[in-house]
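Paired with subunit B in one complex and with subunit C in the other, subunit A is shared by the two complexes that follow.
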Partner chain A sequence: MSSLRIINIEKQYQQTQRKSDPAFSLQPVGLTINEGEFFSLLGPSGCGKTTLLKLVAGLLQADNGEIWVGDANITAVPPEDRRFAMVFQQSLLFPHMTVEDNVAFGLKMQKVGKKQRLADAREMLEHVGLKGFGLRFPDELSGGQQQRVALARALVANPQVLLMDEPFSALDPSLREEMRELLSRIQKQFRVTVLFVTHDREEAFQLSDRIGVMSEGTLLQVGKARDLYERPESRKVASFLGLKNSVEGIVAAGRFISADRSFDFPVEETIERGPCHLILRPEVVQLKILKEDPLEDSIQLSGVIQQLRFNYGFYTGTIQVGIYLLDCSFTSQQAEGLVVGQEIDVLVNKKDLWFVA
Partner chain B sequence: MTKTRPFLKSILFTLLFILIGLPFIPLILSSVSFGWQWPNILPESFSFRAWEYVLLGSSGTWQAVSVSLLIAFIVTAVNILLAVPAANALVRYPLRGKWLLEAMLFAPIVIPPFVAVMGIHLTFLRLGLTETVFGVVLAHLSPTLPYMVRAVMISYNTLSIDWEDQARMLGAGSLSRFRHVVLPHLLPGIAAGASLSILISLSQYLITFIIGSGQVVTLPILLFPFISGGDPAIASAYSLLFAGIAILTLIGMDAALKKYYQNKKAGAENG
Partner chain C sequence: MWQKTKPYLLLLPAVGTIVLLFFGGLFDGLLKSLGYFPAIGETRFELTAYTDLLRSSEFWESLFLTLRVAALSSVIAGVLGAAVAISLYLLNESAKSGTTQVWHRLFQLPLTIPHLVGGYIIVLLFMQSGFLSKILATIGFIDEIPDFPVLVNDPFGWGIILTYAWKEAPFVSLMIYPVLSRIHRSWRDVSRVFGAGNWSFIREIVLPVMLPAWTIATFIVFVFTFSAFEVPFLLGVTYPSMLPVYSYQLYTSGTLADRPEALAVNILLAILTILLGLVVYYFSKRWNVLKGWD
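Moving on, here comes the complex of A and B:
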C-alpha cells in the first residue's frame, strides 16, 4: 500500500515589506491519504491550501515535518523525482509543442522511446475524450479542452499521487460540471490517489471521498462530506460549509437557552455544559402543519417570515426567531401557502440539533 | 473612413520612402560618379572605379568584412551566454539594491563609450589585449550587452514560474526545463537582442579603433578615412556595402528563426 502521509508539515512565510499584511504561516498539518482515495482540501482563498499542496509537491520547502509515500520518506526528494503529477488552475500546456507532445512530455523525461510515448499519449487523449486532437497546438483548443489535455498529461506517466490546484475554477459552470464528471470517472478507472484543492464546496462534496476543511493556515476538520456537514466541529467549519443558522446561547441545567431567551428547550444530558452555538441545517427546520401537536422528540419555534426565495426546485425562507434569522428549506407546495410577514411555527427534530463550542 | 485609410497609408509610405529610401539615391549616384561637383544635379560622368577599388582592388575589403562579422558573431554569442543567466537573476530573485545592479548594467547605453574606452584601453595595454581581435570583442561587449540583457529580461518577465513548476512536476530536471520550456520562450527575446547586438558591434568605430589600434581592421575602420575627407565615391561605395551587409545579416537571422519555427510546426505535423 502506498498511502500519502503528511506528518506535521509546517511553513512560515516571512513578513512582507508592507507592514499591513501579517506574515502567513501554515500550522503543523498531519494527514494520511489512502491509496486510490480522492481527498479534497476545502477552504477560502488565502487559507493555505495551495501552500500545503505545493509543500506536498515539493515546490516549496517545508520548515518542519515529513512527507511519506508508502514506507519511503520523500521529504528531501526534489519534485521532479517524486513521481507526482500536478494540474494547475491554468492548463500550462507548452505552447510550442503539439497536444500529443505535451501529453508525452512526462514520459519523454522518463526516457521512454518516442513510439511508445506517443502511443501512450494518444491512448490517454482518448480517455479524456480528445481522440484525434493530438496534432493540434494548444492555442487551437478551447479552455475546457486544454484542461483535459493537462489532465491527460498529468496521468500518462502513472503518477503515485495526482495533485490538483483548483483545476476547474477558470472554466464556466456547465463546463466545470462536465469536467468533474470526467475527473471522477477517470480517477476511479485508474485508481489514482488525488489531492484536490478547491474553494468550491459543491465541487469538493461531489468529488471527494474525504474532505479537509482549512482556514487561516490551520486544518480544522477532516471527514466524509456528510459527517462534516451534519457534525461540524466548529463554527468556522459550519459557516464555511454554508450552515449560516447559528444561535449563540448557553447549556445549563439540562436546557439550552439562547442569548435573547427566544430559544429555551431541554437538551440531553450528554451535551456539554457552558456557552455554545446551536447549528441548525436549513433542511431540518420543518414547517408545522396546523393543529398537529408537537411530537415528543421535536422542539417548536415560532417566528415571522422575512423572505422567500425560489432556489432550484425548492424555496429558501428566512424566518426571524427572536433576534436570529434562520434559513430553512420549503418545498414549492409548502411555500405556496406562505407570505412574507406571516407568523409560522416550525419544528426541529431533537436528533438534528447540533451544538458546537 | 475606409477610403481615408489607403490614402493615409500611401502618405505614410511616401514619407517613409523619403526618409529612408531617398538618401540612398545620391549615395548610389555618388558611388558611380567621377568628379561630381556643385552645382550639377547629376554627375557629369560615370565610372565604376570606386566599386572596383572596394570589391576587387587590394583594399582588403573582404578581409575587413569577415573580421567585422567574426567579431559581431562572437560578441553576440558571448552576450547570449552572459545575458540569459543575468536576466534570470535580475527578474526572478529578490535582490537588495537591484536598481543599482541594473543601473550599472545599463550604464554603457547612457554614458558615452569614449569615456569608458579610455579606461579600458589603459587596462588592456597592461594586459596586452590591445591590437587583438579578442580585445576588441571584449570591448564591444560593453555597448551591446545592455540591449541583450534588456531583451531577455522582458522575455523572462512574461515567463511565469508556473511553467517551470509544471515541467518539474512532470519529471524534468533543471537542464530539461531550460531546454524544453525556458529556451523556447526566450527565443524571440534572444533574437531581438542578437539583432541589436550584431548591428551595434558592426557599426563600432571608436572602440575598435582605440582598442584595435588600427591592427584589427573592420569595415568602419576602412570606411572612416574616406568619409572624413578622402574620396567621396569610395566612401559611398563602402557605405552601401556596409548597409548591405547589415541588412543581409538581419534578413539571414530572421530567416533562420522563421525556419526554426516552421520546422517545429512541420515536424509536429509529420511526426
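Moving on, here comes the complex of A and C:
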C-alpha cells in the first residue's frame, strides 16, 4: 500500500438539454491521502464528491490532472487493473451468487484458486460478523447484512485503496451506528487506505482521520474534524458543519461591529480588517450567572430567548441578539430557570471568536 | 351480480370460439386417431393407428429429422439471439445516442416478416441457382453455380434450419433483452472495480442472469419448429419429411382409412411437446437461477 495522490484532477460534464441547468464541473482538486488513512469527502448532494470518487476509481475519465498511487501514475489505468475496491450506497451484490461467491468475486477476477478464495471469503465474512451466512443468497439477508457482505467483498481482495460512496445512507440510524463502529474497527485492523464519501457530518467526524469539505464542485477545506469545526475557512464550510451562528459585520479600528451594531467589542490586532463574518459555535455561548462580572477575556451579549428545545441530555436555546438569532447549548440545570421571552446575558470567551471573510 | 358476470359474458364469444376450434379440433383429432370415425363406419376405439405408426420406419425417420431440424434451428437461433441481445445491451450501456434504437429496430425486422415469406427469401438466397451462388460464381469464389452446396430442399434440412435460425433469433433476443435491461447499471461499475473486464462481466453476470429467459425462449422456438408446417413444406424434401408434413401427406394423399394415422402423428407431436415442456420446467426450477432477483 502507498499514499494516494490526486493532482489537479478536473471534470466538466456536458451541457444538459435544458439550457437553464448549467453543466456541472468539478474544479481542479489536489489532495494527498496517506497510507492507512481514513479520509472523508464531506459535502451536500450534487457537490461533486461522488464524481471525484469515480474519477479516482477510474469509472469516469478525467479531463485533466493525474492520479498516483505511490510511485505509479494510474491516470490511464482502467478500473479493472487498479486493484481498488468500492462499496456503494446500495450493496449491489449479485443476486444469482451466494454470499461467499459474492465476497470471493474480486479474488476470482484475480485468478485466485477456488479453494483459496472461498476460504478467504469465509474468513472475511467472520470478520464482518457473518460467519455461517456464506451459502445464503443476498435476498435472504437484511439490508445491514447485505452491506456487511459488500464490505467483506471489498476488503477480501486486499485493495490498495478502499473507496466508499455513502455506504450507510440507506440504513436505519441504529444500524448505521453499528456499521460505523464495524468499519472503524476493521479499517484499523487491516490498515487499509479509505476514501469515504458522505453528506453526514456526524459520520465523517466519527470515522475520519481527515476530512475534505466540498461544495459546488470545489474542495473548500481539508483538515482534521476539530480543526474544521473550530476553524472553518469560509462561511460555506461553517454552514455545512452546522455552525449557523454567523454575524455579518466589519473589523475596523480594533473593534468588530455587526451590521445592526448589536455586536460591538474589541478584537485582537491580528484579525484582518474589513468586512467579515463572526462565527460562534453554540457550545461557546455560555449563560451568564447573575451578578457574575464578565471576565476580561470574554465578551458579553444580551438577548431574548426565542426557543428552548430539549436535545439528548442538554438544551438548545435560540437567543435573539439584535437582528441575529444565535443557537446556544445549556445544561439541563441551567435551562431549568429559563423561559421563552426571558431576557438573558451570555458570555463568549474571546479565544472562541472566529472570523471568516 | 350483473357487474361481476358482465366481463365473463362479454368474453364468452371469443372464449367459445377458441374452445370449439382449438380444443374441439384436438378432441376430434384424438377420437379419430383412436379409430372413432363414423364417416367410414368405424365407431370402435382401438390403438391400431398408433401401433402401425410406431412400427413404420417412415415415422421414425421423420421423427428424427424433425428433432434434428428443431434442435439445430433452436440452438442456432438461441445463440444468435443471445449474441444480438448482449450486443444491444452493451451498445446501450456504452452509447446513449439514438444509434441503439436503430440497431434495435434493424434486429427486430425479421419478426415482422411472415414465416412463409422468410422461407421464400431463403429459397431465393440459398438455392443453387439463387442470389448467393450467383454472386459467389461471379466473384470467382466457386467455378459454376452447381458447385454451391445444396442448402434448399436438401435431405438434411439446412434450408429449414437457416430459415428458422434467421427468423427466430430476433424472437429470442426480444425475450432476453428485458431481462438484460434489468441488470443494474452499477453492476458493471462494481465488476470493473473488482477486476472484471468485458468478457468476465458477460461470463460471470450477464450469462447467468439471462439463462432462464434464454432457456424458455429457445424452448419455445424448439416447440414451434417441432410442430411447424409451412417452412418444412416449402423447403423440405418429399422423403424423409418432417412430422407435420408427414401428417399432411398421410391426410391428403391417402384414403380416408389413413386419416387416423395422420391424426395420430399430430397427437404424438402434442404429447412430445408437453413432455419436453415438463422437462424444461423441471430443470428451470432445479437450477433456481432466478434466486435473489426482486
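Just so we're on the same page, the second predicted complex is superposed on the first by the 356 of 357 C-alpha atoms of A that agree within 3 Å, B and C clash if a C-alpha of one lies under 4 Å from a C-alpha of the other, contacts with A are read in each partner's own complex, and residues count from 1 in each chain.
Everything that follows uses one rule, which is that contacts are C-beta pairs under 8 Å (C-beta built on N, C-alpha and C of every residue); 3 or more make two chains touch, one makes a residue touch a chain.
Bear in mind the structure is a predicted one, so any value in this text is a computation, not a measurement.
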**OP:** Report clash or fit for the pair subunit B and subunit C bound to subunit A in the combined superposed model.
**Re:** clash
Original post:
For A:F84, is the partner it touches subunit B (first), subunit C (second), both, or none of the two (neither)?
Top reply: both
**OP:** Based on the superposed arrangement, let me know which partner A:L92 touches: subunit B (first), subunit C (second), both, or neither?
**Re:** both
Original post:
Once the shared chain is lined up, is A:L135 touching subunit B (first), subunit C (second), both, or neither of them?
Top reply: first
**OP:** Return first, second, both or neither, reflecting whether A:Q116 touches subunit B, subunit C, both chains, or no partner chain.
**Re:** neither
**OP:** Under the contact definition given at the top, report the residues of subunit A touching subunit B in one complex and subunit C in the other.
**Re:** 57, 59, 78-81, 83-86, 88, 90, 92, 94, 96-97, 105-106, 109-110, 137, 153, 157, 163
**OP:** Enumerate the contact residues on subunit C facing subunit A in the complex.
**Re:** 184, 186-187, 189-197, 200, 204-205, 208-209, 289-294
Original post:
Which bits of subunit A are touching subunit C when the two form their complex?
Top reply: 54, 57-59, 78-86, 88, 90, 92, 94-97, 105-106, 108-110, 137-139, 153, 157, 163
Subject >> Partner subunit B, residues of subunit A touching it in the complex >> reply: 57, 59, 78-81, 83-86, 88, 90, 92, 94, 96-98, 100-101, 105-106, 109-110, 118, 135, 137, 153-154, 157, 163
Original post:
Which residues of subunit B touch subunit A in their complex?
Top reply: 162-163, 165-173, 176, 180-181, 184, 264, 268-269, 271
